[in-house]
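To start, the structure itself, in structure tokens.
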Amino acid sequence: MLELRGVSAGYGAFQALFDVSLKVDAGEAVAVIGPNGAGKTTLLRVISKLVGSTAGEILMEGRRLNDVEPHRVIELGIAHAPENRRLFPRLTVEENLRMGAFVPAARARFGERLESVYALFPRLKERRSQLAGTMSGGEQQMCAIARGLMSQPKLLLLDEPSAGLAPVIVQRIFEVVHRIRDEGYTVLIVEQNVQQVLKVVDRAYLLEVGRIKASGRAAELAASADIRRAYVGL
Amino acid sequence: MRRAAPWIAVAALAAVPLLGIGKYPLHLLIMILLWSFVYTSWSLMGRFGLVSFGHGAFMGIGAYVVTMLWNHYGLTPWLGIPLGIALAVAVAVLIGYPCFRFRITGHYFALVTLALTEVARLVIVALRDQTGGSLGVTPKTALAGGESFSLYALQFADKAAFFYIALVCWLGALWVWRRVDRSMARYAMEAISQEEDAAASVGVNVTRTKLAITVLSAAMTALGGALYGQYQLYVNPDTVSGIGISLQIVFAVIAGGMYVQLGPTVGAVFTLLLAEGLRIAVGHDVHGLDTFIYGALLVIFIIYMPNGILGRILERWGRRGAAARAAAPAGSPG
Amino acid sequence: MEIFDVFLLEAVLNGLLFGGVLALLALGLNLVFGVIDVVWICYAELMMIGMYTVYFLYTVYKLPLIVAFAAGILVVSVCGVLLHVLVIRPVLNTEPINQLLVTGGVLFFLQAAATLAFGVQFRNLGLSLPSLELGEIFLPYSRIYAALTALVAMVVLYLFLKKTYLGTAIRAISQDRQIMPLMGVSPGRIYVITSAIGGGLAGLGACLLVLQYDVHPAIGLTFGPITFLICVLGGLGNMVGGFVAAFIFAQFISVGGFLLHIEWGYVMAFVFFIVMMFIRPQGLLGGKQ
């Protein structure tokens, strides 16, 4: 479904990704792991076009994303829950979810989507009228993921959902990811918490200093020495 | 030789009235010098991000306090000016202290100063019995008996005297600018303008530093206002206070270059020559034509030349001469 | 003593109505300044354009008043968009002070353009609307209309911002501009739409102002600063706050002007603003940023 071929990208003079190639097939859950500063967030931003790529191709269901404008990416079925949650702090939970369903296709089915998302996140339903900025970190993360799901995306990009959260909450987050997976969503998740994420995905890539250093099935990577190095390197 | 160049220029300037260049050009030069003085004073704050739209208030205070004390009580401007400056400083502290203490910055600060300048203008108009209101007021002349000057009244029939006063003030402003630029206050202010909390955490007394710069700027501007009144022998709330003047100051400094020592001066030259040039070209005073062009130019300048004319020129020179001057000591102005 | 009280009451009531006018003016600015955080120092000059438009269409071209009003609103709305695209957009990613400076330039430019084009004369619509008589108190109908329009406009705007997708997006963009594309929203488009609405509201304000005041090139200086101060005083982006602040200001001006000279009324209002900024910098109803 999603394919990156030889993608390079950066910020001005600073290059963050070098010749990255990966793919995600429909129905899969794929992780990109690696140490701090590896370029994981940049990778997701390149896919959702928040950052432009300087080389290579990004293909979604065979369609080139390179020339697509950033705000049209979601129409192609890619939703991105950015790092640090990035909720709209002074909008309520439900208003945030509404923003997630801004595109016409989702807007038409807003009621239905809302019910479906609240079923996954009952806590959010309780807090539907609360200002998003006043919630706890864990709840905000749930809301951010929920917002991404509102457009019923073909591919959900999750950027470090466990960042800055207590272990108990992290556990909950990954349970949610697992459930999302079970509902049939395709997920590309970027994470520093290697141990947890490899339990919920099918495959993973190891990104170090902007390059893919390894890839394979989750179970294999979990056992490999490379990963232990990356893990310890955290 | 480079060190001597500024001094030669100053000497040449000082010699100008002796060349017999005629009243009108001399008048223009005096205006340029006076306004450069005011603009440079403003830029002491502006260059550090404290963009004030309230300097019209300080000019107005300077001009009116001196004129009122002279007209109503016969108090010599030699005392009137310090009093005017004192009042301006008091106002600056009154407004500045809470602003800085409560971290009111950026365009919120600009709006508070805007309110201030309007208050000043409105008060001047409201006190119409004393100040003459919107019609303005003229300092009573001390030269009625045909004297050529009165030191007591600080009035001079001969423009040359004012030229030297303006020249000295202008040079003084440049000197102050240089001193501030070289002082610890400069580094403190730059740190503040970039990241206040960080600056505070390394011990920079944010409030005190900002206040010091503001007081200095206000005092000098008040002096400029007072001298302007003494020279023009006419003050009017709209020419020395209010939002119009405040915007004019800001525009001139932006046009000339806010971060460079001579930038405000270039701005004064530019705006005054523009106004005069238009008057000559069009043949008479077309109401608003100069403002029309100012406005368009301000827009263009902010978008394309945020460092002003002088800033842009210096940038070009900097790039070309960078290699050659790589080993030069950091002694150049601005 | 009786008569004194009645005139004071009239001042208070007129102040309330004036507050309605100011509230309407502040509405558009609150949207642009408060919600999408763009500074239009020349907002009042845009209103001036609206006023001139209505004036010329009505008095010179003899179009019906309602048509002139509609045209006025449309013209200023377009001006709002042009302002954003030509002047604001190039500096949107630099320090906010640049917006203030660049629209300051537009302020000069528009004032001067009006002077060159129309001269400095004060122009009046020539309409003389009656006043509502309550005993010895006279309340001009023009002011009543303005206050009512402001109320309606505020409610409509509130509902728009709260209940519609577009309105929510406009509120969202001031909170996090960068991720808007992830929602499928083009930030540029939102800015343009908001500028159009802000301009339209300024145009609406112009229509009501031109009923009560003469238009001349410097009219922006009368209403500009005060509109800004109202927005900030009420808490930027807070429509209700703007309303409240407008009424407070209007009371200072009206009653202060009644007790002393009119300028003192304004002085008191401005001093009140300065003091309030120190006490509560986020504005009367402003939330923590």
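We call the chains A, B and C, going by the order they appear; numbering starts again at 1 in every chain.
Definition applied: contacts are C-beta pairs under 8 Å (C-beta built on N, C-alpha and C of every residue); 3 or more make two chains touch, one makes a residue touch a chain.
All values reported here derive from a predicted model rather than from experimental measurement.
Undergrad: Return the chain label for which the distance between chain Cα mean and whole-protein Cα mean is smallest.
TA: Closest to the centre of all protein C-alpha atoms: chain C.
Undergrad: Going by average Cα coordinates, which chain is farthest removed from chain B?
TA: The most distant chain relative to chain B turns out to be A.
Undergrad: Could you tell me which two chains share the largest number of C-beta contact pairs?
TA: Of all chain pairs, the one joined by the most C-beta contacts is B-C.
Undergrad: Measure off the straight-line distance from the CA centroid of chain A to the CA centroid of chain B, and report it in whole Å.
TA: 55
Undergrad: When the C-alpha atoms of chain A and chain C are each averaged to a single point, how far apart are the two points in Å?
TA: Inter-chain centre distance comes to 43 Å.
Undergrad: Provide the C-alpha centroid distance between chain B and chain C, rounded to the nearest whole angstrom.
TA: Averaging C-alpha atoms per chain gives centres 32 Å apart.
Undergrad: Can you list the chain C residues touching chain B in their complex?
TA: Contacts found on chain C: 39, 87, 90-91, 94-102, 104-113, 115-116, 119-120, 217, 221, 224-225, 228-229, 232, 260-261, 263-264, 266-267, 270-271, 273-274, 277-278, 281.
Undergrad: State the interface residues of chain A toward chain C in the complex, per the touch definition above.
TA: Residue positions touching the partner: 48-50, 69-75, 79-80, 82, 86, 88-91, 95, 98-100, 102-103, 107, 151.
Undergrad: Taking the complex as given, what residues does chain C use to touch chain A?
TA: Checking each residue of chain C against chain A gives 165, 168-169, 171-172, 175-176, 178-187, 287.
Undergrad: Show which residues of chain B lie in contact with chain C when the two form their complex.
TA: 49, 51, 95, 98-99, 102-104, 106-108, 110-112, 114-116, 118-119, 122-123, 125-126, 242-244, 247, 250-251, 254, 286-292, 294-299, 301-303, 306
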